[in-house]
Structure formats: C-alpha cells, structure tokens
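Here the chain labels run A, B and C in written order, and each chain numbers its own residues starting at 1.
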Amino acid sequence: MILPFKIAKRDDVPKNKAALILILSIVLALVLSGVVLLFFGLNPIKVFGTIVTGSLGSAMRIQQTLIKAIPLTIASLGILVAFKMKFWNIGGEGQIMMGAFAASWVALNNGDLPSPILLPLMAVAAIVGGGVWALIPALFKARMGTNETIFTLMMNYIAIKFVTYLQYGPWKDPAAKGFPKIPAFSGNAVLPNVFGLHAGWIIMIILVAAVFLFMNYTKKGYEITVVGESLDTARYAGMNVSAIILVAMSISGGLLGLVGMVQASAIEHTLTWGLSSGYGFTAIITTWLARLNAITTLFVCLAFAMLLQGADYIQLALNVPSSVAGIVEGIILFFVLGSDFFLRYRVQWIGLARARAEADGLPLRGGAAE
Amino acid sequence: MEAFLAASIVAAMPLLFATLGELITEKSGSLNLGVEGMMLMGAVIGFITAFYTGNPGAALLGAFAAGAGGALIFAVITVTLRGNQVVTGLTLTIFGTGFSSFVGDPLIGQSVPQAVQAYFAARPIPGLGDIPFLGPVFFRQDVFVYLGYVLVVLVSIYLYKTRFGLNMRAVGENTAAADASGVNVDFQKYAHIVFGGGLCGLGGAYLALVFVPMWQADVVTGRGWIAVALVIFASWNPTKAFFGSFLFGALSILGLRLQSMGFQISQYLVDMFPYVATIVIVILSTHKNRKEDLPPADLSVPYFREER
Amino acid sequence: MRGITKSFGSAKANDRIGLTVYSGEIHALLGENGAGKSTLMNMLSGIYRPDSGSIFINGKAAHLTSPKDAIAKGIGMIHQHFKLVDVLTARDNIILGGGSGFFLREKELNEKILRLSDQYGLDVKPAKKVYEMSVGEKQTLEILKVLYRGARILILDEPTAVLTPQEIEKLFAIIRNMKARGCAVIIITHKLGEVMAISDRITVLRRGEAIATVETNRVEIPALIEMMVGRKVDLSIKRVRYEDRKELLRVDGVTVINHEKKTALDGVSFTLHGHEILGVAGVAGSGQKELCETIAGLQEAEKGRIFFENENILGKTPRDIIRLGIRMGFIPEDRLGMGLVGSMDIVQNIILKEYQNQRGFILRRGPSVEKAKQIVDRLEIQTPSIRTPVSRLSGGNIQKVLLGREIDSNPKVLITAYPVRGLDIGASYRIYDLLGEQKGRGVGIIFIGEDLDVLIELCDRILVLSGGKVTGILDAAQASKEEVGFLMAGGAA
C-alpha cells in the first residue's frame, strides 16, 4: 500500500505544542459530538449553548455545577493514587457506596451527637468503608497477583445490590408508608453551608493540595510511582511492594469512600442506591485527562461538572436525555487518547508523488524537511 | 431440572456471544474492556431495527454492525494510534452506555414486535429435540441458541485448524515474530477486534430481543464484564467458554429458582450471585501453570514495527 | 543497497550506506554496537523503511515496505533475539504467515519440513513446542524457517552470541553448506575471530557510515579494529592479582525453582573473595539470572545458605539486606526494567537507593542532586541535564548511571549481569576499568558475561554454569575457551 506519509518515533515534544495538540483534539471532539447531535436531529449549537448557560447562567446553576465538581474531584483524586500505581481501580462506584453506607450507619445510629463530633465520625467511617472495599481486591492483587480490573468492577455491583437490599429491606423507613427509602439523617449529620456552598468544597481544596504534595514530596508517593513504573525495579530497590499496594489502595478507596459521605450528608441527607451517580466512572476519564496530576484534576473536573450540570439542564430545557453527556465524554476521551499518538510519534507528510517514486525504487535525495 | 437447565442455556447466550467475541479479540492480542459498551450498542441498535422494521435478520445485522462499529473505534485508537488499551476500553464502555441510553430513550418500555418475537420463539430440532433430557435442554431452543452452538464449533476450528487462525494466534503471542514472518499484523488486529465486537453486539441484542423482549435502559447489567472474566476462566478456549457461560447462565437464574422453591432470600442478595461468582473465578484463575492456559503473551502490548 | 539513510529521532543510525553482496558469498558486516549494522539489515528485511536510498535485488529495484515483501524477494533474516512464537510448534512457526489453502494439513507439512531439514543436515522436530527447545534448537529452527521460504539471501544477526564454541562450529558448517548451494549469506557480528574464520568479504560500519569493504584474506585483525573504532586501541585488559583475599560471600548448596516451576539452580556452591572478579560463564538461561537475584534477595530459594561474611542472607529481602547494613551493589541484566526507572530522571533514579535510609515521611532530594552531579562528572555521562529521563540516554550512558549509583554506595560485593551488553568498545573498556578499580579497593565482584575472551582476560576465576549446575570453577589465567565451552555444554556428563 502506498501512503503519503511516514511515521517515526519522536524524542520529545515542547510543552506548548503538546498543549496545542490537546486543545485541538478536544475541539475536534466537540465538533464530532456536534455532528452526532445533528444526526439525531438536534441543533448542536443550541445544545452546547444550553449546556453552557445551564451550568454557568445563574448563581444557582453555578452552585449546582460546583456541587457536581466536589464529588467528581475527590473521586478523581482517589482514582489518581491507584492509577499512578497502574492499579486499574474501576471500583470507584462501589467504594463510594460503601463509604456512604458506613457514614450513614454512623449518622442513623448517632443522630443526636453534635455536628462537630458526628461529621468527623461519619468521615472516618466513610474512609474506612471505602478503604476496606478497595482493600479486598488489593489484598488479592498483592498476595496472588489477581487481576484487579474485573475484581474492582464486580465489587461495584455487589455494593450497589447491598445498598439496594438495605433500602428495600432492613433499613426501610417504616414511616414512609411502604415507600422504599431509608430514613433521612438528623440535621446534625448534614454538612453545613460555607459561603453558599456545602462544606465539601473545603474538603476538596484541602485534598487536592494534600494529594499533590503526597504524590510528589513524600517517600510513599515516590514508592507508589516506582511500583507503577516497574514492579521489578521496586523490588530491586528493596520496596515492600505488597505493603505499598495495600497502602495506596486504602488511600484510593478511602478518598472515594469520603465522596460517599459527602454525597449522603450534603446532597441526599440519607443513603440511596443511586447515590454514586456514575462519579466513580467519570472520575476515570477526568483523571486520565488530567494526566494523573492532582492540580490539573481540579480544573478538568470543573469542566466536566459543567458538562454534567449542563446535560441535566438540557433534559429539562430541551427535553434531550442527559445521557448525551456520556456520549460527549466518551468522544472527548477517544480523541485525547488518540491524540497521544502525535505526542509520541512524528508523522511526516511526504506527499503521494514522492511515496510513489519511492515505491518504484528511484534513488532519492536525503530526507525532506519536517 | 430440565426446565432449569434449558433456561440456563437461554441465560447463557448473551454471555457466550460476548465471551467468544472478547476471546477472539484477546487471541489476536488486544484487551478490549469495552464489552459492556459494545453489548449495549448492539442491544439498542438491534432493538430499534427490530422495532421499526419488524425484520429479525435486519435486527441481528444491525446489532452486529453496532458492536463492530464500537470495536472499530477501539481498533483505530489502539492499533493505528497505539493508545492505552485499558483506558480506551473503559471509555468505550462509558460511550456505549451513554449511546444506548440516549438512542433508546424514546423507546423505553416498548416491546419487541410480534413478528420478531415469533421468529425467536423456541423451535425444536426434529430428532435431536426428542432425545430424553438432552433434547429439552439443548435442542428445543430458539435459532439464536443454535447459532451460538455453531459459533463455538466454527471458532474452535478457525483458531486451531486453519492457517488464518494460526496467523492470528501468532500475532497475539508474539507480534514481532508474526510480523517478521510476513503476517499483516494491523489487518489481523483490526479484523478480529471488529468481528469480536460484532459478536458482543449480538450478545447484547439477544438480551433486548429475546431475553427481556422490551427496551429498558442498561439491559446488560455487568454481563459484559462477566464475559471478560469468563475469557480468563476459559483459558482462551472456545469450548471451555461455552461451559463457563452455561455455568453462569445457571447461576444468574438460580436465585429466582430458589425463591420459587420457597427459600426465603432477598432478591437483591440473590442478584449478587453472578458477581460474587465472577470474583471467585478471577481469583481461582490467577494461578495457571500450563503454557497453553496462559493469556496470549503479547496481550495488550502495543506494537510499533520500528520500535528499537 | 545504495545510499541508505535512516534516522531515529535526532540520531542518524545509517548515513548513506552502500553495500553489495554476491551470491555464493559469505559477507560479514562488522562494527561496534550502535554502528548501525542491525538497522541496515532490518531495512533489507523490511522491518524498517529507509528515509532515503534504494535497494536492488538481482539488479532490480526492490521496494520493501514490510517483511512480507522481503520474504517474497527471497530475503530471510535470523534476528539476534529470535522471532519465534513460544507456545507454537516448530511446524507452526515455520509455516507462519505463508503458504496457501484454508486448512492446515499437518502431516503433509511435517514431511516437507523433514525433507528440507535432511537436505541441509539440520535437526528439527516439527511437533516440538518452541518453549521446550534449547537456544541451539531455536536457532536451527530459525534457519530452517528461512530456508523453507526459499530464501536466497540470508542474514544472520549476531548468531554466535548465545552459542558454545562447539555449537558455533556446527553453525559455521551449515552456513558454508548454504554458500555452496549458491545463497548469499550476510553475517552481522562484532567478534573478529569469527569474521576471519568464516567470511569471504567484510564491510566495516562505524557510527552509521560504511568505512570500507575488504576481502578477508587480504586484511589483518588490527587493521579491522582500527576501521571499527576509528583509532588505534589497546584491547588488552589489565589484570592485577591481589594476595590478601579474604572470603566475602559463600554460596552453599543453593537450589532455586523459578516462577516457571523449573529448577533454575541446582545445588550451587562457591565462594567470592575481596579483591577478586569471579566470572560466570554459561549458555543463556543456565541460571545466571536466578543466581544474581537470589544473592540480591529477589528470588526465593528452596534450600541452601548464602553467607555474607558471617551472616546468612538467604531468605532475606533486599529491604532486610539494606537494614542489616550490608553494602551490596547489583547491576541487573534488564537495566531499564529492573535497575532503573526509565521515565524518571537521573536524580530520581539515584534516590531509589537512598531514600530507604532517610528518616521520616518526606522525600529529600537535595543530597541526591549533589550525588547525581558528581556521578555525571566522574563517569563522564553524556546527558542534556540531570533532569533528563534516563530512557532518553544512550545505552552506554544508561549503564554508567546504574553503575555509578551502585559504586557510589561503597559496596563490598558487586554483582554485575552482562554489564557491557549493547555497549560500544570504548564504553565497554571504561566499564572494565571501573570494575578493575573497584576490585583494587577490595570489592568482590561477580561478573556474568557472554564473551569468553573477555571473561578469560578480565576475571580471576571463572565459574561455569550449565542447566543450573556448576560444572567447573577454573583459574582464568590457565583456562582456554575450548575448556570453558566444554563445561558450558555440560562437561563430563
């Protein structure tokens, strides 16, 4: 086959060129998403415009956007720690649920404790709940090398079924006249508002900084990175690989568990089986887009929260299913994944004429300019 | 018992198609974690085609094309552009989930047209269907199930007895060696990723057309992931994949069966069975010693010929 | 081949190279590591595409875009790292990618293969799986695979690197047989003795350029070396003997079963002294890797003891060994897969050995930055900065980073696995010098090597491994290559 270009590996890409490639791929992704919308008879400009106004158009909508950014960012930080170790934790949904379950258990049984005691207790319980849920696959990974991808994913379904069981069974609110819901928390178990937004945003900011410092400036963070790069090197350097996997996964699961506490306390005021709302999955995309950097994660999550809030809004405003967000997210990530190629390889356009000439074996002068 | 096993076969079919699809994909060296997404795409397109045309053949074709189309995206990104297979597969699942909810949204609650339902009704095979025990279990099923049997046999022959199967296995085991031997690596990968995706699409369509026969969002509920686990359980062997799917089909309907037999057990706890069983299988499959039971050696390793 | 140029990133691997090979000739391609020999041949076999230049076969321009094209033109290459599929049989590997028809006709193919192997005097069992084969068998299979496709131009890339002297003789006989049948044979090597023994003509490459093509019987070894290296070099290694050698390490009856459940080491016993380099010879996969890793605490052993001075360290992890204050350096075979982290810079790679001894939770880089600068200076490492990821450095410089770090920790025992593999002559001799320097400071060194000449010149004693057993420990000053080769093949057994 005669192709009008050549591909070669490249050494390094200047930062601004890399940024340009990234932006270009996102723009292309949005264009393609627009074409898809057109195909379904929707006006893409109107849809995208409504997504923007729906997420930023008023103080209330901005608040809603931020409310989505908080769980997404914290969840992404949790995924980040695992992915840095190349531990494919796709069990975020389950870890969020189990964190929420543990926090709810504390909240429902100790509703009369004052907030300053109850809320930290709930947070600790959530971290333990999510951490333990992540620790189960991690233990098998560390001891036997069991594939964590499927394991963590199956743990999602189990957690969701478990909470559903509670909601329809033992924890069902007898006062709800047969309606399957778990009783609401007492006011003490609800995160207070700070500057018009629930206090989760403070937790989020602290955690972004903490995870950034942890990954870059501590021995454990360094160890996690080395384990992710090469298990053999980690062993060679005398690292206790099993212990590192377990620590990293308790942190990862703990952070995701905390998301469950924030959502149960500030948003739902109780435990529901739909509480994780896909944050554990979307966090995979945002973390990857942020190239496993905690600071970048915050900004990517803000952008994705706009998309999520905007999608919710268009469902109301334009009667377009909010699942359109999943399509747009998918297309963006496809393009970004594909664009990596242009960072690692140099594609040199030589033109069809030259390619044909080469195919005929004609002697040629040295390489064309890049 | 016969009825239970026959129902298990039905429940096994979506898993079998998806497992064979992923098996073919993995044998040629690609780990596509987008099975769930491809099944959903196949399910929704299969359902829509059936709903608007009433033609079962067109529905199957549409489902196959949808799954294959999803797989094609994966192939372009991972083969041509050498993107990370794990993340691309996960993205395909997210994309496919969004795609099926979005496209299927107007049809929620609608049923499969009678003509299509009738086509996929059980049709006993003359002779075979009369064998005691085996007949009712295996040979009084719908055409989809028979297609599944044929597929298991064809895939086995293809893999182990043909030149194409050999070339494709070599790509999965040692891409560089296959390339140096003159095998067209990219073609092999593309062909098997896309065909495998098509089978996943068919598996999804079975759920929407036969198993549930109406449209509901997220009909697949994790079966795509169970299929990924079943490939490991089956040691990348099509025959073992059949028995694995059968086992899981049985497990997934066991709860209902137990309840109807009077066991007091919550529906939601019973629903956990297949997922717990999948975990057990993944754990048990961790240690395999025979070389032939190991995953293809170059599974999910990106290949660039001029890599030094 | 005319005017062939090929670049990788900014490095020019081949620069306007011309090469002519005739049928019925054995043509040696001689050059140092990194001179561009394999790159050039990879273009002839369709693996790489030249940036510019053209290739003619039987006088006709050939456009090779893939290995398939090259095979169709009668070109067959036997790569240094065999390109065989482990879980397939010999037969499946031979017919891979070629042939016609839909189904595999096994019987017919078996017969055809046996007929061909008889013709060339090769010994191949068609139904045997590749993973059950020895290195020699694999090479024979590679040759047969190429012949089966009707190759008239045969390229062998460093074919002798993994063979014993006796196996090399057998290989040469096969090559001469092919020459007699009118094939053109190109053999890539950096071993001068073999070039003189087998080739008709020699083309020397240096830094991507073709220096000269000469007839073998009109040239002497020293002239060839000068062409290869570009200057006169003294290829002798100084070996100083020290008398005050005290025992540092004693390995006693160590048996290891590796992760493939094979007995990799079988009752291995030896001692290592200070002021000594102990060479380890053996065919690839004779247990060298397991030996290094067992001593370093990375591999569990079934039985045996390993005393470091008077402490039994067998069963201890690398972490335990560091905690015990035992200073041991280890240069593993897989530098970027085990010794270093490729995507990290020099400083972060230096930290790898340091951070265990830091107290507290925070990672301190300051001292390692200083150390990195020192190592770069002392070993003359060519790098844009100490912040450059090590995977971007050349093979020799990567090895210097690793060796520099290990020496920097003042080891008492230094284990080195194939430390000069892939390095050019200058860099190799720099490494030998560094090892000699360490020996002078009283360090006991284990040197796993593959070049018998070097082992004999550099080491004080040579331990020979065969199938995980020690088949002999020789005094290097009195050992001959043939003797070592005999022991490598299993010795008396």
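Here is the rule we use: contacts are C-beta pairs under 8 Å (C-beta built on N, C-alpha and C of every residue); 3 or more make two chains touch, one makes a residue touch a chain.
Small disclaimer: the values here were computed from a predicted structure and weren't measured.
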| item | value |
| --- | --- |
| Chains touching both chain A and chain B, listed by label | C |
| Pair of chains with maximal C-beta contact number | A-B |
| Averaged-CA centre spacing for the pair chain B and chain A, given as whole angstrom | 27 |
| Length of the line joining the C-alpha centres of chain B and chain C, rounded to whole Å | 44 |
| Junction residues of chain A, two or more chains touched | 8-9 |
| Per-residue overlap in chain C, given as positions that touch at least 2 other chains | 8, 49 |
| Residue list for chain B, restricted to those that touch at least two other chains | 306, 308 |
| Complex contact set, residues of chain A against chain B | 7-9, 40, 88, 90, 140, 144-147, 149-151, 153-155, 157-158, 161-162, 164-165, 168-169, 281-282, 284-285, 288, 321, 323-331, 333-334, 337-338, 340-341, 344-345 |
| Residue ranges of chain B touching chain C (in the complex, touch as defined) | 161-164, 166-167, 169-170, 173-174, 176-184, 289, 291-292, 294, 297, 305-306, 308 |
| Chain C contact footprint on chain A (complex, rising order) | 1, 6, 8-12, 217-222, 225-226, 229-230, 232-233, 235-240, 358-367 |
| Touching residues on chain B, where the partner in the complex is chain A | 33, 73, 76-77, 80-84, 86-88, 90-92, 94-99, 101-103, 105, 221-222, 225, 228-229, 232, 266, 268-269, 271-272, 275-276, 278-279, 282-283, 286-287, 304, 306-308 |
| Partner chain A, residues of chain C touching it in the complex | 2-3, 5, 7-10, 16, 49, 51-56, 60-63, 65, 296, 298, 317-319, 321-322, 330, 332, 334, 337-344, 348, 351-353, 355-356, 358, 360-363, 392 |
